[in-house]
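Take a look at the structure below.
The chains carry the letters A, B, C and D, assigned in the order they are written, with residues numbered from 1 in each.
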Amino acid sequence: MGFLDIANVTKSYGAVEVLHRVDISVAEGEFLVLVGPSGCGKSTLLNMIAGLEGITSGEIAIKGRAMNGVHPSRRNIAMVFQSYALYPNMTVAQNITFGLEMHGVPKPEREAAMTRVAAMLQIDKLLDRKPGQLSGGQRQRVAMGRALVRNPDVFLFDEPLSNLDAKLRVDMRTEIKKLHQSLKTTIVYVTHDQIEAMTLSTRIAVMNKGYVQQLGTPKDIYDTPANVFVATFMGSPAMNILPARVVMQDGAPHAAVIDAAGQTRHLRFSQPGMAGWAGREILLGIRPEAITDPEGADRKSGNIQHLSNTVVVTEPAGADTFVTMTLSGRDVVGRMRADVTVTPGQSFGFTINMDKAVAFDPDTEARIAP
Amino acid sequence: MARETALDLRTRLQEWIPKLVLAPSVAVMLVFVYGFILFTAFLSFTDSKILPSYGLVGWHNYWRLFQLPTWSLAIENLAIFAALYIVICSVIGLTLAILLDQKIRGEGMLRPIYLYPMALSFIVTGTAWKWLLDPGIGLEHTLHLWGWTSFHFAWIKESDFAIYTVVIAAVWQTSGFVMAMFLAGLRGIDNEILKAAQMDGASNWNLYRRIIIPQLRPAFLSAFVILSHLAVKSYDLVVALTGGGPGRATELPATFMYSYTFTRNEMGVGAASAVIMLMTIAAIMVPYLYAELKEPK
Amino acid sequence: MSAVSQGTAVSNGRFTRVLIHVTLLVFALFYLLPLFVMLVNSVKPLGEITGGNMMALPKVWTIQPWLEAWSTAQIGVQPTGLRPYFINSIEMVVPAVAISTLMGALNGYVLTKWRFRGDTVLFGLMLFSCFIPFQIVLIPMARLLGLMGLAGTVPGLIFVHVVYGLGFTTLYFRNYYAAFPTELVRAAQIDGAGFFRIFTRILLPLSGPIIVVTVIWQFTNIWNDFLFGSSFSGQASQPMTVALNNLVQSSTGVKAYNVHFAGAILAALPTLFVYIVSGRFFVRGLMAGSVKG
Amino acid sequence: MRGYLGKTLTIAAVLAMSAGIARAEGSVEVLHWWTSGGEAAALNVLKQDLQKEGIGWKDMPVAGGGGEQAMTVLRARVTAGDPPTAVQMLGYDIQDWAKQGVLANLDDIAAKDGWDKVVPAALQKFSKYDGHWIAVPVDVHSTNWVWANKKLLDGLGIAQPKTWDDFVAALQKVKDAGKIPLAMGGQPWQEATMFDGVVLSVGGPDFYKKAFIDLDPATLGGPQMVEAFKRMDQLKGFVDPNFSGRDWNLATAMVIKGDAAFQMMGDWAKGEFLRANMKPGVDFMCFRTPGTEGDVTFNSDQFVMFKVGKDQQAAQNAMAEAVMSPSFQSSFNVVKGSVPARTDVPDTAFDDCGKMAMAQLKQANDKGTLLGSMAHGHANPAAVKNAIYDVVTANFNGDYDAERAAKELVKAVALAQ
C-alpha cells in the first residue's frame, strides 16, 4: 500500500463515464505527473483527490485512510491552481495564512509559518500587497506559499505554470523541482506540457479519454511507450510513426519502408522477436533523435541502419538541425548536428538507430513487445 | 450526479447547506409567484366579482373578455408601445453610451442627468409630462409665445397618437438606465481590439458597426429583459399621463386588468386578462430564457 | 474586476467632437425638462399656475409650497405634511433592501458556486417571476398575510417587497458571481473554509459594485412602490408614496399644484441622492455584473 | 408595532376620558380618500368630535381616482381578515359589499335617532341593505349643475339660460365673442358627469330612471338616447381643442379667469370659486343644467360600517351617531360644498348656492325626482357604470356618432350585467 492510493476509481456525470477504473499508487515523496491533452480527465482526477469532486466508484486513500466523502479541508492536502485562485480582497500575508486561520491555528504560529514560507519563496517583501498588484510569477509564488504553509501530506498542482511566459515557466519549473528535492513531499501534478512532465516527475501517468494510457518513470514512458498515443504525445518533436511491413531477410526481421523514389528499403529490427510478425503490416515508431547524419550516430547502438533518401525540408534550430524526408508517404523528421550541411532536394545518407525503434500493432495501436 | 460513496458529516452538511440556503427563496417563489398564478388561473374560471368567489363558469370570462373592444385595443396598444419603447430606448441608450464614451469632459455631470428619471416615481412626473405635452399650456404654448407659431404638437389629445406620448415619457424614464448598461458594456471591451481594428483601417462607423456593437450582445440581452419587464408592467405611467384616454385610446393590458379587477368589480374578467397576459409574456420570455440558460456543455 | 476605463480608444476629429457635445447637451435638456417644470412650479404661488403660466419662471418666488408639503399639508385628517411618512418609508425600505440584497447574494452564490442538478431550472423560474404583474398578487397575498398575522404591519410589507425583489437581486448576483473563477471557492474549501465563511470572507468583500447596483435598483423600486405600500400598510405605517399620492390626488378638492410638485421632489430626494452619489459605481457595477451573460 | 400602537392609543384614550365627557371608548379606523386640502380638514372635525367622546381615530387615507385606490386597499384588508371600522364609499359599491356579508348592523341607533324620517329615501336605498342600516351618509353632492362666470356673461349680455336651446344659444354667443364657451376636462368621469345632466334634460326623470336605473335596453337604444348623444356632440362643439385629459379644477380655473363661460360639473366646483374669492350670484353663477330644474342627480359619500370585534362596536356606533349629528352634517358640508344628507339641518351656515341646493334637494325628495347619479355610481353597479363610461367617452372623443353610440350603449350594458 502506497502513501496515496487511487484504487479502481471511476467518475460519471449522469450516464457518461469520464474516468475509467483508474489505479495508481503513489509512494511517499514521489512526484507524480498526470499528463494528457485537455479533456483527458487529469484535472477531474486531481479534483477527486482533493475532494472537490465526488468519487463515483472505487476508493482514494491517503496514508491508508479512505478519503471518499471526506471534506477537502480534512484531507491534509494543499492545492495550487492554474489561475492561482488568490483571494483578491486579501493581502499576500492574509492569503497565505487564511487556511491556517480556518483550521484554528493561533496567530503567533501562523505568523511564524508565514515568515518561514515567505522567506523560502522570496516573497517576504510582498506580504502587504494585494494579488492585483503582483506580477504573474509573484502570484505563482504566493499560491505556492499558500500551499506550503499548511505542511500538507500531499501537494496538488493543477497546471500551475501554464499562465506564465516561457522564460518564467522554465525558471519556476526548476524552482518547483528544487522545492521537491529539499522538502521531499508527495506531489501530484497535472499538466498538458510533456516537457514539464518529463523534467519534474518521478513517475508519469499519461492520460487520454478518461483512461490511464501508461504509468511509469519518465524513461519508461519515453523509451517504451505503451501505444501510439503515448509515443506521439511525449517528446518533441513527436515520434515519427510510419506504416511498414515486416519481412524476413537473412533470417532476421526487417521493416520494409518506401523511400521518396518509391523504392522499398529494409531496416533491420534489433528485436529478433519481430519475426513473429513476418508478412504483416505494423506501425514503425522512430524518435527524431534516432535519425541522424552518419557522424552523429549513437556509438553505443548495436544496430545502425543506413538509408539514403531525398531531403524535403531543413530547419536549423541552433543546437540541432531538423531534416525532413518522406518515408512510406509520411514526413519523417530526423535530428542532425547543427553544422551538418544539407539542402532540400539533395539526396542524403540518413542513419537510423534501430535500437530505439518501436513497433505498434496497427489495429490496437499498442506497442508490440516481442 | 450518480450515486457517490458515503460522505463524512461535514461534507454532507456542506452538500446540504447550499440547498437549504436556496430553499426559502424557492419556497417563497413557488407559493407567492407560481401559486398565485395558479390561483389567478382558477379565478378566471369563476364568477368572482368584488372578492374571489368559487362558482365555476367555464370559459365565460374569456368569452366576455374578447367581446370587449377595449381589450383588443389594450393588446394592440401594448404591441405598439412595447415595440417602440424597447427599440427607442435601446437606440437612444446605445447612442448616448457611445457618445458619452468619447472621453467627454463633464461625463460625471451628464451621467446622473441621464439617469435620474429612473429615480422618480411617476405619480407626479406624470403630471409634469402631462403639462409639457399639453398643447394648451406646455411645449406648444411656450414655443408659440416665443414666436414659433407654426409649431404643432398635440399628440396627447389625439386618439391615434396618444399612445406615442406614453412612449415618449417611458423612454424618458428608462433610456438613461439603458445608457448606463451599454456604457458599462463599452467600458468592458478591450481597447487593444479597437486599436488593432483602427490599424486595419476601419472607419469609426465600421468600428462600431462591425467590432464594438456585436460585442455588446450581453448588454442588449440584459436591456431586453429589463425593458420588456417594464413595458409589460407599465401602469402608473399611463394612469398619470393620460388616464387611459383620450377615450380609451391608451389603455394597456395592465390598466385594463387593474380596472376590471378592482374598479369594475369584475374580478373574473380581470383574472382572465391576467392569464392571457402571463401567457403572452411566457411565450416571449421562455424561449429567451431557455436559450440564455442552456448549459454550454 | 477591472476599473472603469476612461473612455474608448476610438478617436474623432474636432468637428465631430463638437457635434457629440451638442448632441449630449440636447439630450440632457430633454431629460431635465420635466424636472424643470416641477421645480419652477414648486416655487410660484398657485394663482400663477392656474393662471396658465406653467412653463415660465415665477413672477413671485416663494418657498411656501415646500414648507407646506414638508410639514403642514393635509395628509388625511392630519395636517402633518410629508415629514412623518419619511420615517415610515425608511423603516420599511432599509430592511427590505438589506434582506432582499443579502438573499439575492446568497442565491447567486449558490447558483454559481454550488451548482446542483436542476439549478438552472430554478433560476429560470426565479427570473420569470420578475414578470408577474403585481395586480394579480394583491388578493391572494392579502389573504396569506392575514393568515400569517402580518397584515397591515411593517414586517408584512417588508416581506412582500423581499419576495418580489428576489428575482432581480438573484439575477444580478448570479451574473456577477458567474464571472468569478470557481477555483477561488475550491481553494478556500481546501483551506478549510465552509459555505458561509467562503461567502463572508471571500465573495462578499468582492461584491461592492454589484451590491451598489442591487441596492440602487431595490431602493428605487421599493421607495417608489405604491400598490403594495397602499394595500398592505397599516394606518401607522403608510409609506411616503401613499402620503404623496394622498397629497396630490385629492378627489374633489382644490389642487395645490405647487405643493404637489414640491412634495414630489421631496419624496424623490432619497432616490435622487442615491443615484447621484453612487452613479459612478453604478456603471462600474453594471459593467462587472449584469451585462455579462 | 401593533402592540405598541395599541398601547399608545389606549393611553391617549384614557387621557381623553379623564379629561371629561366620556361616553364610549375604543377607537375607529377609517379608510377614506378625503386626503388633502379642505375636505380632509373638514373630516378632521369628525375626528375631534369623536376624540371629545374619548374615541381614538386611526386615519387610513388612500387617495386615487374616485376612491378606486381605496377600494383596492379595502379588498386587501377584508381579504386579510382585518377590515377597517368604517370606509368611505359611494353608491352601488355599498350594496356590493353588503352582499359579501361583511358589514355591521346599525338598526338600533338608527331607530333610536330616527334616521328613517330624516334621510331622503333615495339615499336610504344605499345606506340600507335588506332593510337594515349598514352605512351612514355624510353628504349629498349633485351633478346636474352649471357654473358660470357672471362678469363674462354680463359683458356679453347673456342671461341665465332656462332651456336647452337657450343654453346652446348662449354657448354660441360666447363662441362668437372669441371666448371658450364650455370649460371641460376630457376624462371619462367628467364626460359622464355632463352626460348625467344631458340625459336628464332630454327626457326628464322618467327617462333617466328607465335608462340608467332600470337599464331598459329599449330606452338605452331609443331615439331619446340618440338625442342625448346628439346634445353631447353639440356640447363638444363648444369646448376648446385641448380639453382631453385636463383636470376638472383646471377647467374650473378657466371659468374663474374668464377665459371660459360655463362649466358643467358637480357642486364640488364651488369650492374653487370660493377659494378665488368669488361670491355666488355676484362673481359666479350656479344653476341646474337647463331643462333639469327641480330634478337632482346626486351622489352621496357614506361611511360604511364593517363588522368589527365586540370591543369596538361602541366606538363604531358612536362614530355613526357623530356622522349623523346635524351639527357635523352642517359644518362638514359647508366646507365640502355639498349639502347635508338629512333634510332637517338648518341652512343658516350655507351660502346662496348651498341654500338653493338644500331647498332643491328637499323638493326633489318630496317629488320623487331625487335620482342617483350614473356618473358617480349611484344609478347602477360599477361594471355597468364603467361600460357606460366607455361608450360616452368614445362618443365624446368622436369614435362613435350618436346613433352608433346608442347602439353600443345597449351592447356594453348587456355585456357588463
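Criterion: contacts are C-beta pairs under 8 Å (C-beta built on N, C-alpha and C of every residue); 3 or more make two chains touch, one makes a residue touch a chain.
Since this is a predicted model, take the numbers as computed values, not measurements.
In terms of C-beta pairs in contact, B-D outnumbers the other of A-C and B-D. With respect to chain D, maximal separation of chain centres occurs for A (centres as means of Cα atoms). Rounded to a whole number, the gap between the C-alpha centres of chain A and chain C is 56 angstrom. Rounded to whole angstrom units, the spacing between the C-alpha centres of chain A and chain D is 91.
Each chain gets one centre point, the mean of its Cα atoms, and the points for chain B and chain D are 37 Å apart. The multi-chain contact residues of chain D, meaning those touching 2 or more other chains, are 65, 72, 75, 79.
The multi-chain contact residues of chain A, meaning those touching 2 or more other chains, are 51, 71. Shared interface positions of chain C, defined as residues touching 2 or more other chains, are 52, 138-139, 141, 245, 248.
Interface residues of chain C, counted against chain A in their complex, comprise 181, 183-184, 186-193, 197, 201-202, 205-206. For chain A in complex with chain C, the touching residues are 47, 50-52, 71-73, 77-79, 81-83, 85-89, 98-99, 102-103, 146, 150.
Those residues of chain B lying in contact with chain C across their complex are 1, 10, 14, 17-19, 21-22, 24-26, 28-37, 39-40, 51-52, 92, 95-96, 99-104, 107-108, 110-121, 123-125, 127-129, 131-132, 137-139, 141-142, 172, 176, 180-181, 183-189, 191, 194-195, 198, 204, 207-208, 212, 216, 218-219, 221-222, 225, 228-229, 232-233, 235-236, 254, 257-258, 261-262, 267, 270-271, 274, 277-278, 281-282, 285-286, 289-290, 292-295. Residues 2, 4-10, 12, 17, 20-21, 23-24, 27-28, 30-35, 37-38, 52, 54-56, 103, 106-107, 110-111, 114, 116-117, 120, 122-141, 144, 163-164, 166-167, 170-171, 175, 194-196, 220, 223-224, 226, 241, 244-245, 248, 257, 260-261, 263-264, 267-268, 271-272, 274-276, 279-280, 282-288, 290-293 of chain C are the ones touching chain B in the complex.
Put simply, chain D touches chain B in their complex at residues 65, 68, 71-72, 75, 78-79, 93, 96-97, 99-100, 186-188, 240-246, 381-383, 386, 390, 393-394, 396-399, 415-416.
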